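Same chain, two partners: chain A is paired with chain B first, then with chain C.
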Partner chain A sequence: MTPPLPPTKPAPSTRASAPVYGLVGNPNCGKSTLFNALTGLKQKVGNYPGVTVERKIGTAYTQHGQPLTLIDLPGTYSLAARSPDEAVTRDVLLGRRTDTAMPDRIVCVVDATNLERNLYLVHQILDLGRPVILVLNMIDVAEELGMRIDTARLEQLLGIPVIACAASSGRGVIELKLTLSRSDLPLSRHAWGVPAAIAPAVSELQASLQENDGKPPLIARAEALLLLTDRDSVRVAGSTALAPRTQEILSSWEKRWAAAGTDWAAELVNARYDSIGKLTAEVVGQDSATPVGPSVSDRIDAWVTHPVWGWAIFGTIMAAMFLSIFTLAGIPMGWIESLMGALSTWVSGLIPAGDLHDLVIDGAIAGVQGVIIFLPQIIILFFFIGLLESTGYMARAAFIMDRMMSRVGLNGRSFIPLLGSYACAIPGIMATRTIEQPKDRLVTILVAPFMSCSARLPVYLLLIAAMVPTSEVPLGTKVGLMLLMYSLGTFGAFGFAWFFKKTLLRSAPPLMIMELPPYRLPGVRDVAQQMAERAGIFVKRAGTVILGLSIVLWFLATYPKAPEGTPKEQALAHSFAGQAGHALEPVIAPLGFDWRIGIGLINSFAAREVFNSAMSVIFAVETSDDEEADAGHLRDALQAAVRTDGSKLFTPLVCLNLMVFYVFAMQCLSTVAVVKRETNSWRWPLFQLGYMTGFAWGLCLVIYQVGRVLGY
Partner chain B sequence: MSELTPLSSLAVGASAVIREFPKQGVAFLRLREMGLLPGTRLTLIRTAPMGDPLEIKVRGYNLTLRKTEADHILIELNQAAAN
Partner chain C sequence: MHTDSRLQRPRMTLTEMPTGAAGRIHALNGAVEVCQRLREMGFCESAVVQKISGQSTLLCQVCGMRVALGEGVAQHITVEVIRGAA
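Coming up: the complex of A and B.
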C-alpha cells in the first residue's frame, strides 16, 4: 500500500540554540490543554504585529531540564486559511511572517477519536518537509469508545514519532517531552500521489517559488500545493506577498483548468483524503463491543438543542452568569476596597501632608483601586466563558443562536464576542477574530461596545441609587431599571448590526460551518489559566490606561490651585477639569447635563467607571474605610446637588438620561485603541466614536426634551 | 442509481451518500476539507431549535452547516448504492 520510501534524513542534530516548536491542530483537539500541560505558567501572550491574532509562546522543559520554545498557533482545520487566525498559522508555518521565525519543528495535535478529519491538516503539514511529532490526544476517550489505534503502525507508515496522549490527565506528556528533546527527529517518509492533471502546475509553481520568492525546495512545494486550494484569499498584515511571476503562473493555470473543466481544488482534497483513508484503514480498528445507539453527547444534545428545553437551558445558563457577576463579585470587591483603604491609611501616616501626599493617596492608590476593582467581574465572566468552551456548550450556544443572529445578517459566531462584551468590549472585540468574513467581523466590532460592559455597571448602580430616592423602593424597581439599560444596549447592537449589514457593509450572509465537539468535563486548569490570562491582559492593557488617566484626572482636578481656603467645589471649577466641563456645557445643556456632569463625561473617556470617582471629587465626598457608607455619601451628595437656580441637578429624568447616554455613547479610549489595532486604520474607530456618541446625543436630546414637556 | 435530492430535504435521523458537490465557493471548499466528499455517507442528526442550521454526522463527528449550503449538496438516499 505504501509507496516506495525515500531515504530518511535526520534533521541537523547540532543547533546553536534550542529548537523552536510550532504547536498546531484542529479546533477542539485539546491543543491548548496540551500547551498548558507542557508549559505550565511559563507563557507569554501578545499579539502578532499588525493583526490582532493572539500570539502565545511558552517555555517547556525537557526531562533533562533543557528549555524549549513552543509557539501555540491558532487552531485550524486546514492550511487553506479562511480567517485572519488561520492565516497566521499558515504564514508562520510557511515562514512568510517577518516578525516570527519559522518553527524548526512541528507538533501536530490530533483528536484520536476523529482521526480521519484531523489527519487532513497533518497531511498538509507533512508536506512542509520539517520534523513533525504527531500527538494522538484524547486517546483515553478513543479507548472508551472501543477504538484501537495502532500507533506503532502509524509511526511506521508516516516515519515520524507518534505519541498517544491524554493531555487532560497528563498521560503521555512525559513521553512527548522526551521526544521533544530528541536531537535526531526524522523527516516523514510519507508520500502521496498528486493528481496527474495538477502535478505539472505544482512543479512550475514550486520552481517559481524557489526562484522568485526565495523559498527552500520543500517549503516551495508545500506552498505550491496550498496555493491551489487556498488561492491566497486571506492575507493579513505582516506576511510577505508572493512574487508577481508566481501569481501569474497561478492564474494562468487556473484559467487553463477552468476552461478544461478540471476541478483542481477538489481533486487535491480528494487525493489527500484517499491517502488518509489508506492510512486509517490500516491503523484504526474498532472493538466488537462498540457502544450502539446515540452517544452520551447526542443524548445531552437532545435536551440542549430542544426547541423548548434548549431555550430554557440557554436562558438559565445566561441568567446564572449574569447573576454571578452581579452578586458574587461583590464579595471580593469588598475585600479589595478594605485592603486598599488600609493601605491608604498606612501610607497616609508615612508621608507628611502636601502635594506628594495627595498624589500618592488620591492619585496613585485610588487609581490602582479603580483598576483592580474590576478583576472579580472579569474573572467570573471568563470563568463562565472558559467553562462553556471547555465543556463544549459554547458551540451549542452558537448553534442555537445562529438563526437569530442571521436575522441581522451575522452568524452564531458573533454571539460569543457580543456576549463577552457584556464584561468588557476589549476582550469581546478581540474575540471577533474567529469570525471568518472581514465585513461580518467589522460589523460585530462596530456594535460590540453597545453591550453594557462591567465598567458601566458602577455608573448604573450609582445613578439608580441617586434616581430612586430611598431604600424603601422595592428591589424589583432597581433590578428592572438595570435590565432596561442592558436591554437597550442589546437592542441597539442588533439594530445597528442589521442596519450596517443592509447599508455600509453589505455582504453575503456568513457561513456556519463548525464542529459540535462531544461534551467533555471541564478542564479546571485550562479554565483557571484562561481566567488568570484575561485578568492579566486587562490589568496590563486597560489597567495602565485607567491608572495613568486617573492620575492625570487628579492633576487636572487639583491644578491650577485656587487660593487657600476656597471651598472644594469652587476650587474644582477653577481647575483645568472645571474649565473643560464649562466649555462642554453648551453642547450637553439640552440633554439636561451641566458642567459638572460634563467633567464626569470627559473623564469617562479613561474608562466609564471613572465617572463615579470624578463625581466624588466634584462633590467633595469624604472617603473612608467603609465602602457602603462611601457609596451612600456619594449618592446623598448627588441627590443634594443643585443647579445655580437652586433646582435639583440629578432629577430622575437626568439620571435616566445620563444612563441612556452611557448605554450608547462610545466613551472608552481603550476600546478605540483596540478597534484601531483590529481594523488597522483610524477610519473605523473614529467612525465608531462618531456614530455611537452622535446617536447617544440625539436620543438623549429627545428623551430630555420630551420628558420636560411631560413635566418630569 | 436513485434520484438525487438536496441535503436540506433529508429527514432527521436519515442517512444518505453525497453524490454531487458545487465546484466553486469558499464554503464548499471548506466542507470538502472537513471530509464531505462525493461518496461520503452522512446522517442528519437534527436541526437547530429555529429550524436552521443543520447538524450532521459525518466521518464520526458532528458538523453544522446552514440550509443555504445544504441546498446545493446533492445526496442519494438509496443506501445500497453506497460503497
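Coming up: the complex of A and C.
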C-alpha cells in the first residue's frame, strides 16, 4: 500500500553547474573520514546560526575538474531528531534552514558491517524523493568478518547507485567521485508498504501539509511520516509551528488509534525494518568458512569495560594525557615565547617609545602571547581527544563513567564535555551539543568551567611557589596542592550538577542509550585535520576577541596617566584599573585580598593567566630574557609584599585562598561569550557568572575567617 | 514477528537477564520517546539481544552493534531468554 510517488522534476537545483550534495549517515559510520577523503583541505567550518552545531561544507572535484559542493551533516540514526545536531540534519534535508542550501542530491553513508540498522536512515531518506547515492563504507571490515554483500543486487532492488568503499584506505573513493560527477542520477524505485491502518493518515496529513503549510509534495510526505514516527509534533515541526488544520488531523488520528490500541509509531518503525529485513536477506550472505568467535573488539572490551580493569585502564589513559599536556607542551611553549619575544623586540625597534609603543608591546603583543602560549596544550589535548574518539575508546570512557554520572543525575554522555573542560571550557561547552535533553545539556554547561582548565595552571604554579618559604618547592607539596585544586574543581562540578538537577533544572535522570563503535586503528589524517581545525579556531580567537580585550585592559591600566616620574606601582594605582582595584577592595578584603590582588582579579577576566602578568606589573618586577629568573623574581616580590600595616600580604593562607578562588570563580570572559552563544540568551551566562563567583567568594570568606581564627 | 508461542521461554527484564545470556526482545514498555529511539536503533520486538557486561549500565549486543544502556532503559525491555549464560 504505497501512495504513488508524484512525478518529480529531475532535481530541485537551480544551479545547473554545481549540484549540492548532502552527506548523511549514522554516527560512527565513517562519514567524516569519507568527507575528508573527498574534499581534502577544501573545507569551510563554521556554525549553523542560532545553534552551535558545526557546519562543514567542502568542495570536491569531478573527474572533469568541475567543483561539487558537499555538506557534511551531523550523524543521526533517524530523521526523527532528538538532539540539536540531529535536528540540523533533518532541517537541512527538508530545506527548512534559510542559511543552508537544501541539498539537491544526497550521499548516504552506511556501515557495511551493520547494514540492517544503518539502512533505517537510508529508508527515510529515500522517502524524500531526491537522487541518492548509497555508499557501503567499511566494506573491508565486512569482508574480514566473512560478510558477502551483493552490491549489484542491492543496486537493482533500490534503483540507486551503490558503491562499496573503504574510506580509510581510499578504496572506492574514485568510483564515488565518478558517480558524484554523473549529471543524471536515477530516483529510487524502492517502495515500501506503509501499514494499512496508517496509510490513510499519511495521505491526509500529506495533503494538509501541502495545502495548509505550503510544503512541496515529497517533503510533505516525508514530514507526514515523521509526524507519525515521533510523537512530539512540536519537535518535528521545528521552528515553524504546524498549521492548525494539520495539527487537528494529527490529533484526531492519534485519538482514533489510541482507542483502537494501535501503536502507530511502533508499526511504522517495524514496517520499515520489515522492508529492510527483506532487502538484507537478499543481499547479505555470511561465509561459513570464517570462524565465528569473539572478535578483536570483543576481546578488548572484555578488559576495557571490566568493572575493575576498566577503571585501571581509564585512570592510566587520563594520567598519560594530563602528564603529556603539562610536560610535553613545555617545549613548544618556550618556542612561542621566544618567537613572541622576538616579535616584540622587532616591533620595539620600529615604533618610537611612547603610548603607541606601549600599546602595541604591553597591550596587544603581551596580551595575545598570554593566550596563544596555551596553543601547544590545546593541540595536545585535541590530539588525545581525537585519538580516543577515532579508536572508539571515548564511548567506553563514557560507559565507565555512566554509573558515577548517574549519581548526580547526569549520564555518561556528559562526561566527554567535562573531560574536555580540563583543557579549556570552551571546546568542552561546545561538545555538549550531543546531549539530547536540553536541561541536562544546560546543567553540563553550567558546571563545566569548574573543571580546572589549563589557564589556571600558571596561576596555581605561581601561588604555590609564593606559598612555600624555600626557593625550591618540594615535589610532594607541589603535586599535593595541584591535586587538591583539581579535585576541588571536579567535586564542585559534580556537587553543583547534583544540586541543579534537584532544584533549578529538575528533570528525570537522562536515559543512556549510546552506541559503542568497534575499535579501529586511529585515522592519522582525521586526527591531524581535527587538531589543525581546532588550533585554527583558537588562533583566530586570540587574534580577534583576546587582542581587543588586551588593548582595552592596557588602556584601563595606563589611563588616566600619573604625572611623569611617578613610580610604576603608584601610576597603576592612579589608573582606571587601580581605581577599580580600590573600589573592589571592601568586597575582597574579608577574603584577605587587597586592592593590588583586586587589579589582578579584574584583569584576569580576559584570561585567568593574565593574573601573573598583572602581578609582575604591580609589584614592579624587573623582567629580563631569563624566564626562570623572572619567575623567581616574581615569587620573591610576592613574598616581600606587605600590607599598609607592614604585615605580609601573601601569607600561605592568602595564597591558598586565592587558588581556591580561581578554582571556583568564573574568571573568563570567553567562556561567558561561548555560553551566551550556546544558550542563545544572556540569562544563563550571567547566572553562571553570578553563582560561580558568588560561591567562590563565600567559600573563600569562610576559609579566610576560619583560618584567621585558627591562627594562620 | 517470529515469536514462537509454543515454546515457553522464561521472560524477564533485560536488567535481570544474566550476563552472557541472549534473549529475544518481547516488549518495550518504557516512555514512548525512549521506545521510539530504541526501535530506531534496532531494538525492535523480535530482535536478539546479548548482554555482554555491566552492572548498572549494561553493555549489550544487538543487530550487530554494541550499545550501552542505562538501567532506566534496560528495565523497560522485556526479553525471552533463548540462550543461557555461556
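In this text, the second predicted complex is superposed on the first by the 678 of 712 C-alpha atoms of A that agree within 3 Å, B and C clash if a C-alpha of one lies under 4 Å from a C-alpha of the other, contacts with A are read in each partner's own complex, and residues count from 1 in each chain.
Heads up, the rule we're going with is that a residue touches a chain if its C-beta (ideal position, glycine included) is under 8 Å from a C-beta of that chain, and two chains touch if they have at least 3 such contacts.
Keep in mind the model is a prediction, meaning the values are calculated, not measured.
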Just checking: does A:M404 make contact with chain B only, chain C only, both, or neither of them? Give me first, second, both or neither. first
Please work out whether A:L461 is in contact with chain B alone, chain C alone, both, or neither, and reply first, second, both or neither. neither
If you stack the two complexes on chain A, which partner ends up touching A:A80: first (chain B), second (chain C), both, or neither? both
Using the touch definition from the top, say if A:A580 reaches chain B (first), chain C (second), both or neither. neither
Once the shared chain is lined up, is A:R117 touching chain B (first), chain C (second), both, or neither of them? both
According to the stated criteria, A:P307 is in contact with first (chain B), second (chain C), both, or neither; which is it? both
Applying the touch criterion given at the start, work out whether A:V360 contacts chain B, chain C, both or neither, answering first, second, both or neither. neither
Under the contact definition given at the top, report the residues of chain A touching chain B in one complex and chain C in the other. 77-78, 80, 82, 113-114, 116-117, 120, 229, 265-266, 269-270, 273, 297-298, 301-302, 305-307, 399, 402-403, 406, 412, 509, 511-518
The residues of chain B that touch chain A in their complex are 21, 23, 26-27, 29-35, 37, 45-46, 48-53, 55, 59-66, 68-69
Residues of chain A touching chain B in the complex: 77-78, 80, 82, 113-114, 116-117, 120, 229, 233, 263, 265-266, 269-270, 273, 297-298, 301-302, 305-307, 310-311, 399-400, 402-404, 406, 412, 509, 511-518
Mind pulling up the chain C residues that touch chain A in the complex? 28, 30, 32-42, 44-45, 52-57, 59, 63-73
Contact footprint of chain C on chain A as seen in their complex: 77-78, 80, 82, 113-114, 116-117, 120, 229-232, 265-266, 269-270, 273, 297-298, 301-302, 305-307, 395, 398-399, 402-403, 406, 411-412, 509-518
